[in-house]
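Naming follows writing order (A, B and C), and every chain is counted from residue 1.
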């Protein structure tokens, strides 16, 4: 017996060689990659990153190579490359796999470890903690802490200030209760409240439930649900992501629902992949797949179900920006556009590069501030060019990012979640 | 001098190459002659040897379904056309000297007519050549298939090289089925701007014309000739569109006769005075034509609106012709184009060089020439970069 | 390395191992690692780099988006790879002159998108047009499905700015259709980066056709599809595109873009006619009839722009979709006279069987430009690629024997330079060599491409094939 050569990656979450093999390095992904557009180097393209993962398998590069971490973490995980790829390479799974290995392989400074632990293990999974943090941050913002922090001219402080900029001026955290359908019940759903959505955009959750109810959908309350784990998975914290996934699956299994509705595209994309996340856990893999099959984005669910009640008239020039994890992550393109067009009175104008990332991408603003800014500026320029007074999207990260970008550039354009806009329309109608 | 010119009429490529090798060894200069229709181009003097291509003639390969034809370079274009016509096809080239010009001469002189609008020029239709070289070898460039990027595109270098690199002995072209219908119009305009604007609208319009040429000859009027060939509905549409553009600019349309043929044959007629040929950015043609119209020696102007190639025939007092020709060449360069004195009367030869200025990249051209013809025997006086 | 950084600055030079590893591949199968990668931002950068390399006798290898299919951008003899990713601007859209002036790193499709509001487009549309660059198109003289009626890149380039290997900057041609003297623009287009570096390109813009008709026809076997192509040409119809696909290719495409190709067809034709609206339906009807006369089981006419796009998306993504069938593929690019299509397709099939490899066919039937995609799996051992290459060589040999060419649009590169003697006599290659020596006397520009090299081509000492 020959000895098995040591695995080049630390553990079994490594980017799958079979998924890598689907890449024929044709280069079709390059022009769709925001980081390639800014940096123009192969290492910061999807094809290049896949090649990096492959060279580790080939023992030509160590999993702890600093360049590997640099380029893999510069990825937005926006998955535009997946939409462009004729060979169907599942890039999102690859990059998350690679990140999980870097987390293990690369030693980190104590401070870095502390911040990661605070964010991923304490803040995100505990809604009350996040709510408190959000409230404090918003208070800080209203007190003008942003300019104060900027005045210190410290890199860390500036990033904090930028982060504050992203937050809306008011937090509207609410907890949902069961809302019965108006008229004949057409469906019965449970809803993910989400950590960020629940803490910062609670009103959007309520609006989503009202819009669904208007269309004959009963929204039932759940207990014990938690953060979806998307940010953890994106950051390579696979075990934490799995813990959260198991908690959510167990929580939603307690209720009987036709679907689990998510109004944050990033969360929905992650939850649809619970099956993949837990595929090697025999006790959970079947349950995870069954759960994942029930997950629907709010726009997807309502779009497919069809609207039973016509919304009221709104007067605005609006444009739709695809959240990456809706379009590229969940391949949902037509439904939100159809819902938007169903609101009478709106002038819907197309947005150039609507399929491009806005640079939000989870914690990207914090980890790659310069790149995030370049990417955001491109998005803002495209929005301004449409002449729209309202940008509609469907993901909290995108909402905050685009809002902040427009405000910094001095443009008074409203940024709104599609569910909020629909709710508004129903209220006028 | 001319009394001692040796004439060689090789029967095949190998013999042609031997003649060249012998000439190179003996440092004897060589002129290559097809039908001799374009012997006016260049600053030429008699050579020691003249190679005739008349025996390098005939169709070598023609498979109609492949839409290609391979012919000997000495074959007349008109004869190639006759052969193709029997198969319902045509070579989409209409060079001046239509009755006499040979395939080899048309390639060497990059001689194009008015069909460029639709089918492109020699460089676009030629897909392969065989050439006899001064080192006694025979080389092939390109091939016999319509698409081929194996190795360098030497065919392009040969087009317009005036025999300075070797003797073209065989050529392969793309051909097309003869269109079902044909029609056209000729229109008169008072103002050149209207004629050019109408031409420009035709070129940019949805319907595709075969030729679109603006002319000024006798009198102050400008003429626009448009021809379309294709399926009956497309031809009708093209002529209707052209008529509308003409009418919109106060032009008067008539049925097309042989006007395009006359326009194309301007180089054949321009025996006296000087013929300036300029290749211009498309939008520069109207201003260039206006400039030409103000010259005292202007006799005729033919502008291919689709390609930006403009020919101006100057006639009259030698001094005026020289002055006007130089002014036109300068004007061509100023607007981002280039030009040459394509033809001039015998008495002007010493005073008007065909290529008074060197093109960009002349040092590269010189290196190419030297590597193909190190002894410098081929076609002296016909290098634009000399 | 240090010299390059001093010359151009740290931001424009890559030298880390993990960086260089990512410039060792393109869209094809060959690899080689560069010694450095440079990302110029101007012609001046390129000229400075060339002077540096000239002084130190270092090879220069230009690279666009790395989508090439003949190893053209692979530094097979080491040296500096010059990536034009940061020279990707449109410098001028000149509507009156129907020209655009662009930098070499510009993506092909971005040009057509930018000029579309003026009712214009750039004709050459290689299947990789969403990713490939104009500089790469110039280097390879790229084609695409619609070159059947409208020509390839060389027919649409009127001017270039180039940097020679000694750093000389030269502008050739311009906005006019021709210049005096030798056609150096024509010589440069298709020279695969072996004559110099192109830093600016002036291209023709063409008015968009008023309308199009796109027809998809499914046939029981490739034979009927081939005969249909000949019959259409014989009927005097010259479509703007005639594309053919076999069943294996169809399966890969359908898994990828759901173009709506029937999976049970042995051969599929995708045909397009375009131009003035008048006459299009007449041409379409004649094509439909010919297809049905040749036993087409289904003839579908795209009902609108959306369906047309879907039909074309399938064709254009076909190579890349091979990843769904196999981790690796080796694509050939041989050209044959159209009339030889049925024989050669049979031969392609036999070659696959003989070498125990699956072969998919997706190609430009209208101009006889084959693209057999030989599927293999490099993870099973080096023997796989060797068998694929052996099958490829048999196919190319057959193409040349049929009077064709070893490459119609992908270029010779380092993939087929050893096969050049199949198609060309020593005297033919010597004539090409003269051009090379005039532009690049020191042999620094993209060495190891186009011409057979003694070190790598020893095993291919073909007896010169007679024509």
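Remarks
We adopt the following convention: a contact is a pair of C-beta atoms (placed from the backbone, for glycine too) under 8 Å apart; a residue touches a chain by one contact, two chains touch by 3 or more.
The structure displayed is predicted, hence computed values, not measured ones.
Comparing each chain's Cα centroid with the centroid of every protein Cα atom identifies chain C as the most central. Across the assembly, the mean Cα position most removed from that of subunit A is the one of B. The distance from the centre of subunit A to the centre of subunit C, with each centre set as the mean of the Cα atoms, comes to 38 Å. Annotation: 63 Å between the Cα-based centres of subunit A and subunit B. Averaging C-alpha coordinates per chain places the centre of subunit B 30 Å away from that of subunit C. Among the residues of subunit A, none is in touch with two or more other chains. Contact residues of subunit C toward subunit A in the complex are 14, 16-19, 21-23, 25-27, 39, 65-67, 83, 85-86, 88, 105, 107, 110, 128, 130-132, 255-257, 317-324, 327-329, 377, 379. Subunit C meets subunit B in the complex at residues 94, 96-99, 119, 140-141, 143, 147, 151-152, 154-155, 170-172, 174-187, 189-191, 207, 209-210, 230, 233-234, 236-238, 275-279, 282-283, 335-339, 364, 367-369, 403-412, 416, 420, 423-425, 427-432, 434-439, 450, 467. Contacts from subunit B toward subunit C in the complex involve residues 63-68, 88, 110, 116, 120-121, 123-124, 131, 133, 137-141, 143-157, 159-161, 176-180, 204-208, 230-234, 236-238, 279-284, 307-309, 336-340, 355, 358-362, 364-365, 367-368, 371-372, 383-385.
Within the complex formed with subunit C, the residues of subunit A that make contact are 17, 21-31, 36, 40-43, 47-48, 51-52, 55, 60-61, 65, 67-68, 71, 84-89.
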